[in-house]
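Remarks on the structure that follows.
As written, the chain order gives the labels A, B, C and D, with residue 1 at the start of each chain.
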Amino acid sequence: MADKFNVAVLGATGSVGQRFIQLLQGHPWFEVNELVASDRSSGQRYADVCDWRVSDAMPESAREIRVKGLHDSIESQVVFSSLPGGLASEVESRLASEGKQVFTNASDNRMVPDVPLVIPEVNPEHVGLIDVQRKNRGWDRGLIVANPNCSTIHLVLALQPIWEQFGIELAMVTTLQAVSGSGYPGVPSLDMIDNLVPYIGGEEEKIESETTKILGTLTEDHIASAAITLSTQCTRVPVRDGHTESVSLKLRKSASVDEVIEAFSSFRALPQELGLPFAPEKPVVVRDQPDRPQPVLDRDAQNGMASVVGRVRECSIFDVKFMVLGHNTIRGAAGASILNAELLVKKGYIS
Amino acid sequence: MADKFNVAVLGATGSVGQRFIQLLQGHPWFEVNELVASDRSSGQRYADVCDWRVSDAMPESAREIRVKGLHDSIESQVVFSSLPGGLASEVESRLASEGKQVFTNASDNRMVPDVPLVIPEVNPEHVGLIDVQRKNRGWDRGLIVANPNCSTIHLVLALQPIWEQFGIELAMVTTLQAVSGSGYPGVPSLDMIDNLVPYIGGEEEKIESETTKILGTLTEDHIASAAITLSTQCTRVPVRDGHTESVSLKLRKSASVDEVIEAFSSFRALPQELGLPFAPEKPVVVRDQPDRPQPVLDRDAQNGMASVVGRVRECSIFDVKFMVLGHNTIRGAAGASILNAELLVKKGYIS
Amino acid sequence: MADKFNVAVLGATGSVGQRFIQLLQGHPWFEVNELVASDRSSGQRYADVCDWRVSDAMPESAREIRVKGLHDSIESQVVFSSLPGGLASEVESRLASEGKQVFTNASDNRMVPDVPLVIPEVNPEHVGLIDVQRKNRGWDRGLIVANPNCSTIHLVLALQPIWEQFGIELAMVTTLQAVSGSGYPGVPSLDMIDNLVPYIGGEEEKIESETTKILGTLTEDHIASAAITLSTQCTRVPVRDGHTESVSLKLRKSASVDEVIEAFSSFRALPQELGLPFAPEKPVVVRDQPDRPQPVLDRDAQNGMASVVGRVRECSIFDVKFMVLGHNTIRGAAGASILNAELLVKKGYIS
Amino acid sequence: MADKFNVAVLGATGSVGQRFIQLLQGHPWFEVNELVASDRSSGQRYADVCDWRVSDAMPESAREIRVKGLHDSIESQVVFSSLPGGLASEVESRLASEGKQVFTNASDNRMVPDVPLVIPEVNPEHVGLIDVQRKNRGWDRGLIVANPNCSTIHLVLALQPIWEQFGIELAMVTTLQAVSGSGYPGVPSLDMIDNLVPYIGGEEEKIESETTKILGTLTEDHIASAAITLSTQCTRVPVRDGHTESVSLKLRKSASVDEVIEAFSSFRALPQELGLPFAPEKPVVVRDQPDRPQPVLDRDAQNGMASVVGRVRECSIFDVKFMVLGHNTIRGAAGASILNAELLVKKGYIS
């Protein structure tokens, strides 16, 4: 195992933390050696402090690991963080200043100007911002790379093939989001039996700001925001996993529905070329049945790493509309961070 | 009871038929005397053939009624129809030709040029089309008045205060619809546990066409379509009752969010002036909590006869956006037909 | 209104507290004047501190009431308590010692030897224990009467007609309980979408101990436990309201299934004789369809004050088995306390 | 692939049929070559007639297979049948008479006296009944082996370790069953949102009769029923996959709770000894957390081939009670048939 990078998972007992551990089992490049949780779990066996809730059994390799507290020192080179917003910023910066390569799923760092917010199929060139980050902060080997919010990722993955071929001026979006997005215990069952909630605090702002950053252009020392206007409405629906989004787009260049479908279907990008272990063969999967995508049937497409698009058709107001669905805790969270880390291995930033 | 109008309910064992019977219990102007279902139920007690599924117990007055078949003769003056599409057209026309006043919740007649499609708060003047209808068809006392689809009603009720004050050019709509809309057995549970379906056959077309008819203008002999463009995306979610819709509007005259909220809140129309028994005191109810409206908390507002609006705010693409929710089998179906009939009583068409 | 008793509701912002306020609207004997919640709500308008979640709108009469804290003095004669376990005991005792008549839905006092645990149709004579209570505690006018746990009430209401006619030796019970039983936020949605939980902490012990007390005999100074053995298994299922219980009974005297059904159907007791306002006409309703009772179809029977029984049939191990279902926050909580208070008015204990 | 047995799946487009195809992908001994569905699908590509609904994508190897009708001739040696009850009996008998080895998940043949009803961990010796079957019917190579109903399998798997060590006299059972058990479209969503149904037609009779056959004794020419009395109550709850059962047992020999847990945990049987490909390492998995087993967390234990037991404790009426949960379409249906076929390969019946 000497040739694998040692990995620490921050927020290891939370739902995204558990996904990190599950997904990293048997990873060819990374090996989980340290699990970090709240200070009161420090020193205990992971099996004793974690209420494991992703469906498969807890990996044997994780059970016996002694959990570290947030203030304990970390030895691993690579850090995956799923710390709650508010707490993440300070801890992640400290670790990066100590030379760690930090891949964060937390919201704190996403919009920080010198932190790249990366989807490897969309804006891999933004990793160049790391040089600015290191210079700004006086870091040598350390770095912080963020991945977007779970709703943003699947939206932008679906936008990218259209964005690069036809340009997008306007995007009207309504989301129908799964409850796992807010962790455990999260959303009360009284809100989700025979009900839905038309509001998720802060989510709409995140989608709108993160999208313009991801689609933006790397200049010498910052990301210039993309010229796209979004209007979003987020709802929570009684689904465990899988965010669904209703999207209407005004394009810059005209395109037929068939051309849009072809753009989705033929979309391949750098992770596919590089053969990154977590790269889906097809980042965007197109369904042609009229009643797809659906959470239970489509969220696990391409091991949960794809965005699944359906009902692609003309919009009577804008140009094209469609539904997009994706797994919110795999491609939308832990899997996104892992793919970012894989990209940085190939780019030579991990060492 | 001599002063009440006798009523027949067509499709009396279905879910909307049951709602008609439930809602008409104790109605001051109408009395249910005849229940019509498929021919094979003909002659049996209603209590023996109907699997009553609206929550309250079956009204005692309905239990002993002998069900009539679709080909049996009807004596009642007023007919409420919840027949399935395809079957409704012929039966309703026959009854109207026999002099009955038919109020239909079926889709068959909605877009027929000489059938008024009415929401009493929105286009009560369209009942004038009855004169054209009678002339066209050689009917003396008979008539057919339709109410819109369950999603259309709540959308248009919410649009009306804005439409009349500021004008609307464009409406982008995504719906999250309850399962009761497709009757019983309707949507399979395997589609609705941990899942949603981004498609309801024919629903989008209905909303788009019906809205332009309802908001249209009565000319000498037809309804001129309204100049509004809609783009809709319909989804089915795991909710029993209550359709929720995400709406963004481009207005013709500029309006602040406060002016829009005031237009919603102060909206009163003819049914309120006339004091129709089923008219809600406030046709549009505004919630100011950020996480409303919600199906379980808001669908029964104003006895299920109101549209409940929330999250009214600026749209970064158009002018204003909001969520609207309403009960799909009360105001969205049976209650809509009853309110139409009440309007026609006041207008002198029922006799 | 001078002839109504003034009422204070403790725990007024919780889900059972809200039910008390909803159910007491327009009550002929009681009028809600004081609402008591945590000290930090003290002095604020009820409408401002309560997230009203029972479906109808918050009663106008409650909106403007200034909430009192738990340590503020109470003026009302009658107190309905839905305080959480642990907190209830001290507050309720203090108020009773000040002369208040306290009707508690909390678990703290139920098994206290000198507190009567009453279902008016089952053991109204247990109110005689109040004399012992007053003597023990040196109270003059004050008193505490408890109602059972939500699952116990519906079980025991269904047992009573059989208990009094045939005797019961053994009762094997598996419950399928609604989430409203644990309040809001309560059970996480991740536990209730595509899932159930086969455990409710402390619930099984409550059902078993409370049942033997309720069915027990009032002696000179205590309740002698009934000679019945119960074995219970409690589960939580994705239902908002309505607990369902699978029950098998070994009787002391043989009875045919028809005799048991007749015992259920003909069951009437003191509350029905006295015409108490909240007494259901039929405390036990029998369904003969094979697939009943069901939560959505039966929980509101008799305004939620009845227990609904179905599938009554022979048990191949014991004598008879059946399903029983009832509303857990109406007859199972707030409605139970109100019926107890009504009984005590008639018995002359309220003044 | 010459050394694999060719397999035909009957009822290939249904939900259990799809599970057969999914589970047999890459099976070391069996290869799916023929897919049989209704005659109107005959001749069409499987991908064109099957609405694939198990979560993973349809196996590539199945997509292009031309579906056969029920009356077409079958060439495969091994037949897995998931035909609906009523239809299965005739088709299965015809195929067996033609020399096929038929493994049926249908209910038709389960209680037929000369058809073995087998759970390989429980009654592998019942395959000896095949000799009687062949003699009775004049079959040479053909045979029919049935697996039990989905609820029966998990109940009996959990009973077996106790049955063989301590004996069981009485079993009181209440089930909470998933909707996938009734196929697609199956249970209506209006029955499963905020609701449950306390009845599954015929299910209770199946569990009671099948259990006494499986636990019975093979005599010279039939199965003598086991001396165990069951009383069951079946309910349908809003869960996609995974039946949960509440079980109380009266034993013949006394056993402590620890001894029962040890019996569960240490249980291994013939499939484990033989190393059958689908045999779970542990047929009965014991959870010690108080709130387990739960469908989403436990149904996939051991690839869905185990029964998961929890809450093992004393019963105040009988001796021991516990909850058992298992996947109803894997171990409860398709996986059960496959394990039976594997057993018969090892026993030399397949050729």
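By our rule, a residue touches a chain if its C-beta (ideal position, glycine included) is under 8 Å from a C-beta of that chain, and two chains touch if they have at least 3 such contacts.
Everything numeric here is computed off the predicted structure, so don't read it as measured data.
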{"item": "Farthest chain relative to chain D (centres taken as mean CA coordinates)", "value": "B"}
{"item": "Pair joined by more contacting C-beta pairs (A-B or A-D)", "value": "A-B"}
{"item": "Interchain centroid distance [CA atoms averaged], chain B/chain D, Å", "value": "48"}
{"item": "Distance between the centres, which are taken as Cα means, of chain D and chain A, whole angstrom", "value": "40"}
{"item": "Chain A-chain B separation of Cα centroids, rounded to whole Å", "value": "43"}
{"item": "Numbers and ranges of chain B residues touching at least 2 other chains", "value": "53, 191, 193-194, 238-240, 296-297"}
{"item": "Residues on chain B engaged by chain C in the complex (per definition of touch)", "value": "53, 55-57, 193-194, 240, 296-297, 300-301"}
{"item": "Residue ranges of chain B in contact with chain A within the complex", "value": "170, 172, 174, 176, 191, 194-199, 201, 208, 229-231, 233, 235, 237-241, 244, 246, 248, 290-297, 310-311, 315-318, 321, 323, 325"}
{"item": "Touching residues (chain side chain A, partner chain C) in the complex", "value": "53, 179-180, 184-194, 238-240"}
